[in-house]
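Presented below are the structures under discussion, each in the form of structure tokens.
Shared chain: subunit A. Partners: subunit B in the first complex, subunit C in the second.
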Partner chain A sequence: MRALLRAEVLKLLKQSKTYYALAAILVIELLIFITAYYQGSTILDLLLDNLKQSFYFEGTLLNGNLIMYIVLNSLWFNVPLILMIVTSGLVTDEYKDGTLQTVMLQAVKKWKFILAKYIMAVFFTVVVIALMMLSTFILAYSIFGKGDLVVYINTLNFFKSADAFHRICWAFASGTVAMVFYSVASITLAIFIKDSAKTWIAAALFLIITNLLLKADLGIPIFNNYFFPKLIDTWQQLFYFETNWLTIGVNNAVLILYCLGFAATGTYLFNKKDIG
Partner chain B sequence: MRFAFLLLLTFIAGIAQAQKVDADLLRIKQRMDSVKQFTAKVILDLDVPFIKMPTKTAQIKYAKGKKMEFSSSDFVMLPKRGLDFSLNEIFKYSFITVDRGTETRYGKLLKVINVIPTDNKSDLALATLYMDTRAGRIVESEINTRKNGTYSLLMQYAPGNNILPGYVEASFAIERLKIPLNFMGKDTKIDRKKMRGMETKTGKIKMRFENYNIKLG
Partner chain C sequence: MLTGNNLSKTYASGKALDDVTIRIAPGQICGLLGRNGAGKSTLFKILCGLIKPDTGQVIINSQRPKPIGGIIERPGLYNYLNAYDNIRIFAGIQGAPADAESINQILVKVGLPLNRKDPVRNFSLGMKQRLGIAIALLNNPECLVLDEPFSGLDPIGVTSLVNLIVSLAANENIAILLSSHLMSEISKCCHYLYVIDQGRIVNSGVTNQLISRHIHTFSITGNHLSTSKTLQGYEVKYGINDAKVICHAQDIPALLQNLLSEGIEVTACTPELTLEELIKTPAV
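The block that comes next holds the complex of A and B.
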């Protein structure tokens, strides 16, 4: 298993797709920074316009914590799409290059091989989110400084700087679980579809449908609470004024179970399928 | 003879004008005017239906005739009207008062008066003041302005003969927020019916003052 994982790390490091993905995430971050730098004050002025009639404001809301929150919002679509494209390539490239047959001619168990792919997808996702978090922290706090965070989720919620930082860290942790789920799902899709271009389309469709179902009322309470599209926004709950830690914990645990379920399904199918 | 008559008329008008301002209010105003400067720590609790904000603290600095200054390490929202507990804005232009009798509130017998401005420059339309004449303090006020809506102030004082309140509760009308769509969290639900119902709401800000440092003139 160790040799398989080592080989996977090497493949990931060698392929240009990995670096394109990292560069894409950095570009998204930079665009957010530039927009916030030039337009952040205007948006906040618009947001707080009514309140300015009744209140004097002391302190600034355009700060590192707000930028971190805006960057976190790229977890809705941009980041998972990039992650799904790269991680699905871990399997589809093997089919495309015919290396799968070569590997299977060795004394390698199929389930171990595909499990190594899943582990690598999880590892890559965690590394990407950690890098994203670290780079954003450094840039956001060095350019915009610290300060209270304002978030609009049904009500205008204000959090003190230290509390906001704490919530953002947990949101990144919860968001990582959601991103891992997308990566695991993309590997499973790749096992089904095999072709890389078709898998990318399927991955994008999966992402869109998941986002659409997030808002849809599914009628049955258990589906509305625990169907996977309803769990991918759990990180957002960290920005409710009253945080329900139990719900956040349960949601993440259920999402991890979904990850295991998708991985088990993919492994089972890969074992059953012919390699050719 | 005509000149003497005019002089008498002016004198009577002057007396009449003076009588139109409540003596207790003048006594309280005089007492308030003795505060030349003060600094204090203020602990703020905002109570607005669509805003959730933790308790905040700020330092305020007041100097007579100057704009109130405040500073805080947090982001704070201070009411534009609620901090004027010296009621300088009301007393800025000439006014008359109308005695409305007495009323018992908070277990105290309070004298109620209306303050009506006589100068068109005043933003004040009408103020109702509830005065504790024995302690020489204003306990409550309801202020209707021409441009800045209506607000009310409830003031509580620490035991003793303090001039400045230890607790002030300012109530005011506040319009609903207009949120840019790109600022909304994805989890945000837009309930148009509810939003229409929230066009204008009453907000409150509760302020507790500590560590007063008052300089009297």
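The block that comes next holds the complex of A and C.
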């Protein structure tokens, strides 16, 4: 398995697609920074004009914490879409180039090969989110400095600077679990569909449907609480004024179980299917 | 020894293989001739374990970690990597030696240059075929299957690949099965031939015997063939540079002698055998 993982790392590092994905995420970050730098103060002043007359806010509200929160919001659609495209390519490219057939003609077990793909997808996702978090921290704090965080989730919530930083760190961790779920799902879709373009369409559809179902009332309480579309925004709960840490922990644990379920299904199907 | 017994496979589009039995001994090169869509690739995939047959079984008498290696349809390579890295990856994932010396050794074995460091997407088709064979040979398989290895190669590439295949069978005692729809290429290097059509083996035999049994046309090239009196006694189709004579193989020596007596300088006499003839007239 270690040899398979080493091969996967080499392939990932040698593919230009990997760097395009990282560059795309960096571009999203930079666009957020540029917009915030030139227009952020004006928008915040408009939103909080009345509140500023009654409350005192420490430092400027357009600060590193707010920028990090805005970057975190790219976990809704932009980042998972890029991740799903790249990670599904780990499988679809092997079908397209005929390398899957070549691999299966070697002394390699099918289940080990596909399991290595899942592990690599998780590893790549974690690395991308870690890089995203690190680069945002460095840039946001060095350009915009620290300060209290104001976010709007049903109502305006305010967090002291230190508390905000703490919550953002946990939100990145919880967001990573959601992103891992999308990556694992995209590998499973790739095993089913095989073709790159069709898998991208299916991945985008999966993402859209998941986001739509997130807000929909599914009628049955257990579905409303634990069906996977209801769990992908768990990181947002870290910005509720009253934080329910137990619910956040349980939601992430259930989402990890979904990841394992998707991976087990994909591995079983891949092992069963003919190659060619 | 590679054996496929009574193999059958049906897809939604129809029957791809129908009760096919095939045997290849160590050191033997077997050819599988058939039109496109005759069932060659399906048979190869079944022999390599990529797809499961509906009925029948594949037997490979081998204790090696990789009993069979091969290329099916085209060499599947990581085009963004160079030849060295391709071999490193495929050797590494199956625990075969992946050090520089071993990799260079296998590159030399298949006749690939050691100084090419660019991605294999820049390689010619012939070089890709060689790299595909190098990967297939990793971990010393006892059998090698090559699906359409000559497809798209120029004559020099074909000759060079034929030499490589012959030397692998002779020097390493590997059982080799290769397919083609091109008669001339496959007859150059195979000890034994199977002819497949519509998923069934319709003809088989030792290459020389099978070919001589079915040859009825000879292409003769020489001067003033159209005025030859000798040729008037045969069924002949005159081409721009040759005359296609329909006769039995045993009549050829006398025919050539007579042409020489007439003063016609014969420069070549080539037997012509088409795949259709092998399909239409099964061995007795």
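List of remarks:
One rule holds in what follows: the second predicted complex is superposed on the first by the 269 of 276 C-alpha atoms of A that agree within 3 Å, B and C clash if a C-alpha of one lies under 4 Å from a C-alpha of the other, contacts with A are read in each partner's own complex, and residues count from 1 in each chain.
The rule we apply is simple: a residue touches a chain if its C-beta (ideal position, glycine included) is under 8 Å from a C-beta of that chain, and two chains touch if they have at least 3 such contacts.
This structure is a prediction, so every number in the text was calculated from the model and none was measured.
When the two complexes are overlaid on subunit A, subunit B and subunit C sit side by side with no clash. Once the two complexes are laid over each other on the shared chain, residue contacts for A:T265 go to neither subunit B nor subunit C. Applying the stated contact rule after C-alpha superposition, one finds that A:T18 touches neither subunit B nor subunit C.
Judged by the touch definition given at the top, the superposed model places A:A7 against subunit C, while subunit B stays out of reach. In the superposed model, the vertex angle subunit B-subunit A-subunit C (Cα centres) comes to 170 degrees (nearest 10). Looking at the superposed arrangement, the partner reaching more residues of subunit A, out of subunit B and subunit C, is B. Once chain A of one complex is fitted onto chain A of the other, the partner contacts of A:N157 are limited to subunit B, with no touch recorded for subunit C. In the superposition on chain A, A:D148 makes contact with subunit B only, while subunit C stays out of contact range.
Once chain A of one complex is fitted onto chain A of the other, the partner contacts of A:T243 are absent, as it touches neither subunit B nor subunit C. Subunit B and subunit C never share a C-alpha pair closer than 40 Å once the two structures are laid over each other. The contact sets of subunit A with subunit B and with subunit C never meet. In the complex of the two chains, the subunit C residues touching subunit A come out as 41, 45, 48-52, 65-66, 68-81, 85, 88-90, 92-95, 132, 135-136, 138-139.
Touching subunit B in their complex are the following residues of subunit A: 43, 46-47, 49-51, 53-61, 73, 76, 147-148, 150-161, 163, 214, 233, 236-237, 239, 241. On subunit A, the positions that touch subunit C within their shared complex are 3-4, 6-7, 10-11, 14-16, 97-108, 113, 274-276. Interface residues of subunit B, counted against subunit A in their complex, comprise 49-54, 58, 70-81, 148, 172, 174-180, 182-189, 203.
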